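Please go over the structures that come below.
Okay, so chain A shows up in both of these, paired with chain B first and chain C after.
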Partner chain A sequence: MLNTIDTSFDSCIKCTVCTTRCPVAEVNPDYPGPKQAGPDGERLRIKNPALYDEALQHCTNCKRCEVACPSGVHVGTVIQLAKARHGGFKKGPREFILSHTDMMGSLSTPAAPVVNIATQLKPVKKLLDKVFGIDQRQTLPKYTHQTFRRWFQQQKAQQNRFDRKISFFHGCFTNYNDPTVGKHLVAVLNAMNIGVTLLKKEKCCGVPLIANGFFDKARKNAELNMGQFADSLADSECVLATEPSCAMTLRDEYPEVLHVDNHAIKERILFASAFITREFAKGNKPDMTPVNLRVAYHSPCHLIKQGGVIHTMELLNSIPGLEVIMLDQKCCGMSGTYGFKKENYQTSQNIGQGVFDQIEALNVDYVVTDCESCKMQIEMNTAHKVLHPLTLMAQSLA
Partner chain B sequence: MRQIETDVVIIGGGATGAGVLRDCAQRGMRAILVEKDDIANGTTGRNHGLLHSGARYAVTDPHSAIECIRENQILRKVASHCIEETGGLFITLPEDELSFQETFITACTSAGIQAEALTPADALRIEPNVNPGLLGAVRVPDGTVDPFRLTAANILDAEEYGGRLLSYTKVVGLIINNGRVRGVHCIKVKTGEKVDIHAQQVVNAAGIWGQQIIEYADLAIRMFPAKGSLLIVDYRINGMVINRCRKPSDADILVPGDTISLIGTTSEKIPYRDIENIRVTPDEVDVLLAEGEKLCPIMARTRVLRAYCGVRPLISLGDDPSGRNISRGIVLLDHGETDALPGLITITGGKLMTYRLMAEMATDAVAKNLGNSKPCVTAIRPLPGANGKHSDIYAPQVSIPVSGSAKYRHGERAAKFLANDKKQNAVICECEMVTRGEIEYAVHNLNARDLVDLRRRTRIGMGPCQGKMCACRAAGIVSEITHDDNGKQALHSVGEFMQERWKGVRPVLWGDAMREADLSYWLYNNLLGYSQLEPSDPDSHSVNPGEAAVLRGEESKEEVAP
Partner chain C sequence: MNYDVIVIGGGLAGLTGAIRCAEAGLKTVVISAGESALAFASGAIDVFGIEQDNSFVECPFAAIRHLPSTHPYQKVGAASLQQGLTFFTEQMAAAGIQLSNFGQQNHGRLTALGAIRPAWLSQEGADSLPLLAPAEGIRRVAIINIAGFRDFQPALMAAGMKRHPGFSEAEFILADIKTATLNINTRNAYELRSLELARTLKRDLFSQPNGINILSSALQKAAGNADLVVIPSVLAVEGGNELIRQLETLTGLRICEVATLPPSLPGMRMASALKQRFRQLGGMFLEGDQVLCGCFAENRLSSVKTRLNPDMPISASHFILATGSFFSQGLASDRHHLSEPVFGLDVDAPDSRDQWSDHRFMDGKPHNLSHFGINTSEQLNPYRNGQKIHNLYCAGAVLNGFNPVQEASSGGVAIGTGWFAANRIIATMPQAEETC
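Right, the complex of A and B next:
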């Protein structure tokens, strides 16, 4: 179906910069790289769908190819859409479990203490490995007993005292797994005299669904979320996300991958540090006390894709007493659900090795990154605890 | 001087000449084909690659239509790996008369061409990029044919039956003794070596260049060359051949050929003396773009890769200098009968679609003169590559796009090079998925001598990058396997190839094609320093100033065309 494809591949001038920037191609010779998988392959697939290359399964959707492309080719999107069109996704029970993060969250949180113990048990991990192909060397994220939304119920009255308001798209991880970052966002914004509201209803942004091929479900979520944004933007300034992948999906993947039009409100969907540093520039900067820490900052791929690293760096640099060492902009290899899959485990580790080595060679108190998935990978593979930039900022609030 | 003795010598390595060589060889005659350049370098390789159903001619030329549908059905069987049964649509746009549809369907039906009227909605469903403003469409069994592959397969088969190809061998005169043509005087274009080939029968299948051959015999034949120009776009914007449902006109056919689509053709009479110097003009490019966009609006925002043109060999019979008796049909002349000059046969006119029939007719005449009574089997016996299924070729280490492309191009013969060998499977041309193995196969088995030849056998350099990524890699391989130790040939070959690519890009130099060309220029000159490379031996075929000028992006004299 020619009329559903992204024709940006037509502008590819074969410079191959994308492939030099691909973390998978660097470590896995079975993956031909984004140029071949994307624009080159697209011409062949249009000629004959049978020329689809199974190797596209190795793409992690990190989007570094798109950042590198000087010709405006949506390389990653072309690959994702090709996988969807040609049945390139294995959509088994494992993929369902890993990608339906909000469904799994709402099922697991009521029994969080039991689930958390169970998923850390060796026999259970072995079972998940054997039956589902979820690699036993990985640690599944824990669930929180009290969801972020439940916690937020008690904050509502207080938030209503502020004149200015933003809507917070908390995402699945903050709601079901670890509400810390959400709580810190509320603290930081409140210190800046801005109140927080939640959407009446919120579904997973869709990033794990897209990565696992559940496009219809992702589109449904996108449509529901877009409706919620429209309602909530009537009395809030913008929608903020603290998870880079959520922000990227809401802003860029909705129109490009899911064909859900968001142009009317796209400019009002922001990654948290972009909003906060914009406020700094207007003079709205809370009082902060020195934290006296030395940290290493890891930039997540999906934040790089949005051009958002500069905002987080600015936010970190404005925290007094914080020494920030910027790590090389390499991928950690986790890519959401990718690293959990048994067949990807080694690739995932090989991709991340450079990041792990660089961290271990530094003498820092913490590693800082915006992304929950990068956090999991780095904590599993280094001796360091990983914090969100907002956590550090919340700590330094006077 | 070299002397060669044979039964039949055929002049012209187009589809027709290759077909004659194969047919002669299959009937047990000793035959040699001489071609002044590479095979399929002339008109054969410079057209649409449209496997006509005959529908295009049904209304205006029913005889040609019937010929086309017959050959169409034969080629589907004997040349299946050169053919794609895409189907075709004849669409009616608002500026066309919808009533013509009925005339058209009636004419198709009486020529034996299946023609089915579709609603605009049905047409859009099977061809999503067709102009949505269409009023109606007729589906016919048009398809596509790859002329390079078709010619190469004929040569390959002929060679397996004992026929011989002498490419880069130009005929400079006829050997005439006692009122009879007894062979040809030739010169090896690359070395200047003279060769005489003695034969009982000489077949002139040189197309538009056939007039010169006839002139060597002091006979007169008038060719009326008509130039046709075409554009190639980056990818298949259409899945089926799209025609306008009206009388044939300029730029009204859009053909999906292999990985690309092409729009054509214009038609312009040119003086015979200009046949070596044809080029695509800006006006032709404008017409092709404007008309193409009417067929598929997406063409307006699709990259044009290159432009090219060819010369139709229209012939005027008898003493008719005016060209009023121009024939578009097949012309077979046994000069023994028409001009009392036995030993020479001319086969011309016709079209790519009817190459096999033309070859059969010419070979029948040769056979008759030589007393050979073996029947023609070219309509029954498949060409190499078209022999049955190739799904059983075992190459598990080769990726699907690579093995699929190889089988698409070479049919079951792909088994000869799809090895489970990492080195052989290395992709050299990334746009068209050509491996080292395929390049070696083409050099060893398909008479490819340099990069330009290789392009016609494998599609290297025919994708969006127009040779930028593969030219130097492929040149290195050819150099390695042909023992060109000092690499001089390879260097020359790269220059020649890039020059030939540049020639086609120049008329469409805007947008992404310009960015692509600019990157090529930058890579070859600034990174690899190509134009700085001095020829070490002025007499050798090393880089000459002309090539360097082209690589610098300067205007150069047009290379001898087709």
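Right, the complex of A and C next:
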């Protein structure tokens, strides 16, 4: 029996480095931090599952603990799996609404103008706050009237003209909330003589489902997506994602957290900047005109985790005229659906303060980040507009 | 992707070298698998403190001239070592941490066990004592803890200090400050560790306008008329040194903070200051990725592959390997061999296990293992299958020929070799601006 238990967490040498880096432990004393919640707690939980600590719910799965651990312990994943085994999630209507991003999107987009106005109204926000516990101080993301997929229908013929093709996993936000980044990806790749196709069907990557405890649903989505990838990779080079959390989930969380095997195609699922800079290295670089702006770059947690910051920085540095200042790598505190929950609002703000302060102290034209959730948080809490790196690159295309 | 310099390992050695390269205008990236040993270190810099016969070294820069030629200090040279340490002191000051020294001489720093260790640079909050007469002018020592903090034992520290002849006659006042006195609310046992305490104090005490006064009067009351007040370093990570200075002004006492069991706040402070400085100078710090191997051609390293981006090698014209010792996995061992796991560089180690192991776990002698490491040329270039790699330099604890703990030299070796490697690179790069 013993040998079926994964004890890799025991390579922990109890150095506490992970806890020094946990943004939640830094501001919320109710959370014991990754060392205790992860490898320490796991020893107890193996003995007796009842020794599960409810405080684990505070973990946002940002993975900063894993990035810092000098012993290679998958601290964040150990915690997610413990939560999953225990079923220690509150899964009320709010969790359902926040996490089923694709379902909510397909319900909301047809009525986007009405939904958008409604969700910005004070009484509605109050109601959402009271009934569901979605904090009224948060600005809810708007829905787009025309989904990215609908817009893409008109691009199909154009895309078929390219010899080279990639598949684009657009994710929920680009499809239902704001298609801008998707459109810019198409523009950038086309300028590099690469066409874009979509998967016949795609489901939410699963990141909000994992965070809210809907593991079975997340696994179902993962299996469907994997099937789609296998099909699409028959006539496209790779699958690209523009959202760091989607890319991390498709590449790393599928096998590690959801136990969905992806090893045969993992190396062909890429974060967009990684693919683009690889093309640059091969000499496939579009003509670019100067974009004379000074911007601050914020690195999203899930991009740090997958080693993608180097690619986005390479992409930004290749844009002529652009001055890029890299912010100290702190968490913005939003963590997808986390910051929307009433009980997390203050924690989320306190975590993000370090980022907001840095931005306000710099005199920049824009903030740049790859993640839509970071973008929301920064726009709500600073006076700055936030752009995706691909938006700047699209702007620079001659 | 192409860089001027890739530094592998983001500890004291790697970051010192990286900051120097970035400052000279080189496009520099640091790839570091995780937090370095700095999170556990005292936050002071030892240069060379203990001779073979266990006597303390008063003047480290003079003493290193007598070291064997294989010692990293002989390759770097005393002049370059001093320049490196001056550079390091300036960089830390630019990041807000003032380091002090006693000129050419070592000073003594107190440890949490009451020992006096020779160091050359200390943070302001850690009171530097004269090395050979540490008790000068000190008749009463107050050792004060925050009640419930388990990683610091005043009685243990006092017992350690009393073993020193200068302190054997001193009077020791041992006291606790209650958390209630400080209005801090520690509900969970885990909140009574160094970092958590600092966070709690920040939230519950220092956020109040008179917070520091509450602490200073508590300290005053506990310490009485002590000539030296020792407290564990739990008050603050950032700005911790300034806080001690403010407390000294408010109380009129001489206060010394000592690093505790990990995490060590003065060490963390130093690590974040170095990273911040590197980024300010335009460097890129990539944490959580690990260099797996390199591509070599004609005795040069052309690119490295990392765990997270195995299909996208990163190339550079120069490289610094600063991956630390066994603890940081810069060196590896199995039952029969010692090796360098990233590039398979030649490691200077005896063939027979008997020569690097001891039958007794602790026999009071320096452990042989810490003497081993990568064998390098005079310029710190390593060898691979006997061939010198010209554009790769090694720095810090990964090097052979020194015994960091026994000699009390780890910080100085890390800074000196990191600085030296960076300067070798700058000298060969036409685009580097000469600023030094």
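One rule holds for everything that comes next: the second predicted complex is superposed on the first by the 392 of 398 C-alpha atoms of A that agree within 3 Å, B and C clash if a C-alpha of one lies under 4 Å from a C-alpha of the other, contacts with A are read in each partner's own complex, and residues count from 1 in each chain.
Just so we're on the same page, contacts are C-beta pairs under 8 Å (C-beta built on N, C-alpha and C of every residue); 3 or more make two chains touch, one makes a residue touch a chain.
From a predicted model like this one, the values you see are computed outputs, not experimental measurements.
Once chain A of one complex is fitted onto chain A of the other, the partner contacts of A:313 are limited to chain C, with no touch recorded for chain B. In the superposition on chain A, A:291 makes contact with neither chain B nor chain C. In the superposition on chain A, A:36 makes contact with both chain B and chain C. In the superposed pair of complexes, A:364 makes contact with neither chain B nor chain C.
Residue contacts after overlaying the shared chain place A:47 against chain B, while chain C stays out of touching range. Contacts of A:15 after superposition on the shared chain: both chain B and chain C are touched.
When the two structures are aligned on the shared chain, A:71 is found in touch with chain B and with chain C.
In the superposition on chain A, no contact is made by A:192 with either chain B or chain C. Number of chain A residues touched is higher for C, counting chain B against chain C. After overlaying the two complexes on the shared chain, residue contacts for A:265 are found with neither chain B nor chain C. Looking at chain A, you'll find residues 15-16, 32, 36, 71 touch chain B in one structure and chain C in the other. Across the complex, chain C is touched by residues 15-17, 19-21, 25-27, 29-30, 32-33, 36, 66-72, 267, 274, 277-278, 281, 304-311, 313-314, 326, 328-329 of chain A.
Against chain A, the residues of chain C that register as touching in their complex are 1, 29, 33-36, 39-40, 185-188, 190-191, 193, 195-196, 199-200, 203, 262-263, 268, 275-276, 279, 284-289, 306-312, 314, 328-329.
On the side of chain B, the complex with chain A involves touching residues 128-129, 234-237, 239, 256, 258-259, 298, 301-303, 399-401, 404-405, 408, 427, 430-431, 433, 463-465, 468-469, 512, 515-516, 519. Residues 1-3, 7, 9-16, 32, 35-36, 40-44, 46-48, 50-55, 71 of chain A are the ones touching chain B in the complex.
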